[in-house]
Amino acid sequence: MKKDLLIIDNITKRFGGLLANQNISFSIDEGEIIGLIGPNGAGKSTLFNCISCYYNSNSGKILFNGTDISRKTPEAICQMGIGRTFQLVRIFKEMTVLENIMIGAFLKHAKQGDATAKAEETANLFGFTEKLSLEAGSLTISDQKRLEVARAFATEPKILLLDEMMAGLNIQEVRETTDLILKLRGMGLTLVLVEHVMEGIMPIANRVIVLDYGLKIAEGTPEEVVNNEKVIEAYFGKKYHAKRRGNTAPLQ
Amino acid sequence: MEGVFIQTLVSGLLIGFLYALIAVGLTMIFGMMDIVNFAHGDYLMVAMYFSFWFFALFGMDPLYSLPAVTLILFGLGILTYYLLIKPIINAPMLSQIFVTFGVLIFLRGLATFLWKVDYRMIPQTVLSGNIQLGDVYIGIPQLTAAAGAIICNGLVLWFLKKTRLGMALEAVAEDKEAARLMGINSDRMFALAWGIGIATVGVAGALLTSFYYVFPEVGANFGLIAFVVVALGGFGSVPGAFAAGIIVGLVEVLSGFLIGPQFKFMFVLILYLAVVFIRPQGLLGKK
Amino acid sequence: MKKGLIALIIFLGALVAFPLIFQDPFPRHTLIMIMLYAAMGIGWNIIGGYTGQVSFGNAAFFGVGAYATAIMLVNFGITPWLGMLVGCVFSVALAIIVGYPCFRLQGHYFAIATIAVGEIMLLVFTNWEYAGAAVGIYMPILPESFMNFEFHTSKLPYYYIILVIFVAAIGVCWFFERSRLGYYCRAIKEDPDGARSLGINIQRYKMIAFSISAIITSICGTFYAQYVLYIHPTSTMDLMMSIQLCIICLIGGLGKLYGPVIGAFVFIPLTELTRVYLGSEGQGVDLMIYSMLIIILAIWRPQGLWAIFTKGTAK
């Protein structure tokens, strides 16, 4: 397993006067599952979009396999081997499930026949065998999210960045998702999960990075993070508070 | 020679103010709803025909019928919103482009059918005449139009920034959901934006009729100029449209003066491509 | 799939046989115009229907094709077939000049730019003495031959040439639909950001699609110049022609292989009919009919409805 497959080095991102990310650094080894968590507005999505190059950071570097990617375009990132999903699913709703996955598969398989084969294989892996010819827009939200992962997977990435995979899913679906993530890791992928739902991520993450107000406030194993004073104050405090009010839904 | 040059600059400046007025409604609607009204210039044509017929049928000078024309266009804007824009407000951009483009073709077709392709003009208005300043002649209708454009644009800006209703409009533009929670009915606000946006074209049309021909295709060039102004000023920026209007006016007359009048419109269009190429967010627009 | 192929063969067979059965010039001319517009519609569909970038300036490519052919033939005596090729080169160059700045931005920038470019071309050719200015260019009457692309005793060869162009356009679109390019273009239309996340360089693919569109339209321009033997700026570059291409695709179905074909078969006879029945008194009525068609189709077309439906259930 390669050490430091992805290095986030001192990333700062500003929107006008607002500092969304401030000097954030951490690194990810190959084969890890990393959780990126924090309360709403902590800057998780901003960081996520910086890594996937939908935003360009104001300063700092992002090294993937030793190459600085922080000034590249999203499509170049994907071609290099970083796949992503979106917080609000962005599948191609008017296309079929198979076509959605094919568009991912075309990256490494230029011929239609090859791409179809690759897409079918991917579809089997993600449990879409029976739904290949359905219109993607007609799927349930949880299926749509899974399709988005399948589509990104078909580009044959080394790292998958998954944005709020578990938001809005029920307990059964969360369990299926964690199984899926473990399965992907088993296939050699490195995963970065941005999440709100702690329950889903804690049992599977190797390490968790916690952001609050644009700063990294903690990093460590799930157990370490859960017991971290700062984290409890910034994140769990609110959550437990919410729970006491009888609101068991994850904070949005 | 020098006198001619100054004369050219002055006329460019004056028409520039009017361009700014024509464009302000376009940029306002775009800024609020992200919809480009391709038929914008053709509402100008409609306003001009109303002005013309008020004169031809009732002998009313375009200046006196201006309030009525403005009010009619305001109504037309609201009608357009409820009838055609509301159904496509969340539709893909493709549908939005087609619908407003459809309106463009419809209005031109209607005008051609009703009034044929003839060029019409009001021969003598209360504003006819010139003012002489040294070597430079300034047409009173043009001067009035420029003054009217400045006042009207100022009013729009004041309305958006200083009145409660205007601020509600901007709030909806900013965040529809949040505005809804604050009790603002976004539907009515959008309708109002269309009313005002089209009414400003009504003012422009009424002012323009004092010194310009009316014909079914008159909106084509003015509409395209409005797009250039909006792109240059930044989509959605009212002050930007004002500055850009003047620039476009000057570019037009200067290229006409230096290269040839038949090419002046071409340079305005080239300006659009240059803006898109070099500074797509426009002069004052946010990136 | 099998059924579709049989239907296509019957359809093409009918087109081949048509002029042998109908010997009058008028039905032949009508069918030539239908196939010409269907081919151009297919060209428009590739950038507008599949890729979702509305072009109101495709007539410019038609004009470039027609003028390149005419200028080369009149001034240098070069065969129109070479003119066709040169027209394509210029059209692609134009597509790239327009597309490069605009495709980085949202769709309406492109739509407006295409109108602007169409108008610029119209103005340039109206004032360009070398290209005949507003009067246009009369083609020299040459001996009938395939090389000269001129046929005087019978219009039949024109019919079969446009039939070949039309079938070729269908073929190009068929391959486009099944290629990576076609899939990528549809992805770009549906969700550009999503497409980028899958490694698609959206700028490049829009450009390729626009170039293909330009080539098909330009070839049609060459055909038109040789068929009519007289071109002038408004007959080859008018905004109305670009709009008609949009309408043809909208009627038949955006982003569907046979959409423009169906559209042209409905639209061209319709225009002929309105022209015959309404005459000059009805000037403008045809525009009103088209525009209402556009608006109704744009509001009620399935994608539009679909968007409203999903918005309603997602919340």
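Just so it is clear, A, B and C label the chains in written order, and each chain counts residues from 1 on its own.
Operating definition for what follows: a contact is a pair of C-beta atoms (placed from the backbone, for glycine too) under 8 Å apart; a residue touches a chain by one contact, two chains touch by 3 or more.
Keep in mind that this is a model prediction, so the values were computed, not measured.
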Intersection of contact partners for chain A and chain C: none
By number of C-beta contact pairs, the top two chains: B-C
Chain of greatest Cα-centre distance to chain A: B
Chain centre separation (chain A, chain C; CA means) in Å: 43
Between chain C and chain B, distance of the C-alpha-averaged centres to the nearest whole Å: 32
Interchain centroid distance [CA atoms averaged], chain A/chain B, Å: 47
Junction residues of chain C - those touching two or more other chains: 303
Complex contacts: residues of chain A adjacent to chain C: 52, 54, 73-75, 78-79, 83-86, 90-95, 99, 102-104, 106-107, 110-112, 115, 137, 151-152, 155
Residues on chain C engaged by chain B in the complex (per definition of touch): 52, 54, 56, 98, 100-102, 104-109, 111-113, 115-117, 119-120, 123-124, 126-127, 189, 239, 243, 246, 250, 254, 282-288, 290-292, 294-295, 297-299, 301, 303-304, 307-308, 311
Contact footprint of chain A on chain C as seen in their complex: 178-180, 183-184, 186-187, 190-191, 193-202, 303, 306, 310
Chain B to chain C touching residues, read off their complex: 36, 38, 84, 87-88, 90-95, 97-99, 101-106, 108-114, 116-117, 216, 220, 224, 227-228, 231, 262-263, 265-266, 269-270, 272-273, 276-277, 280
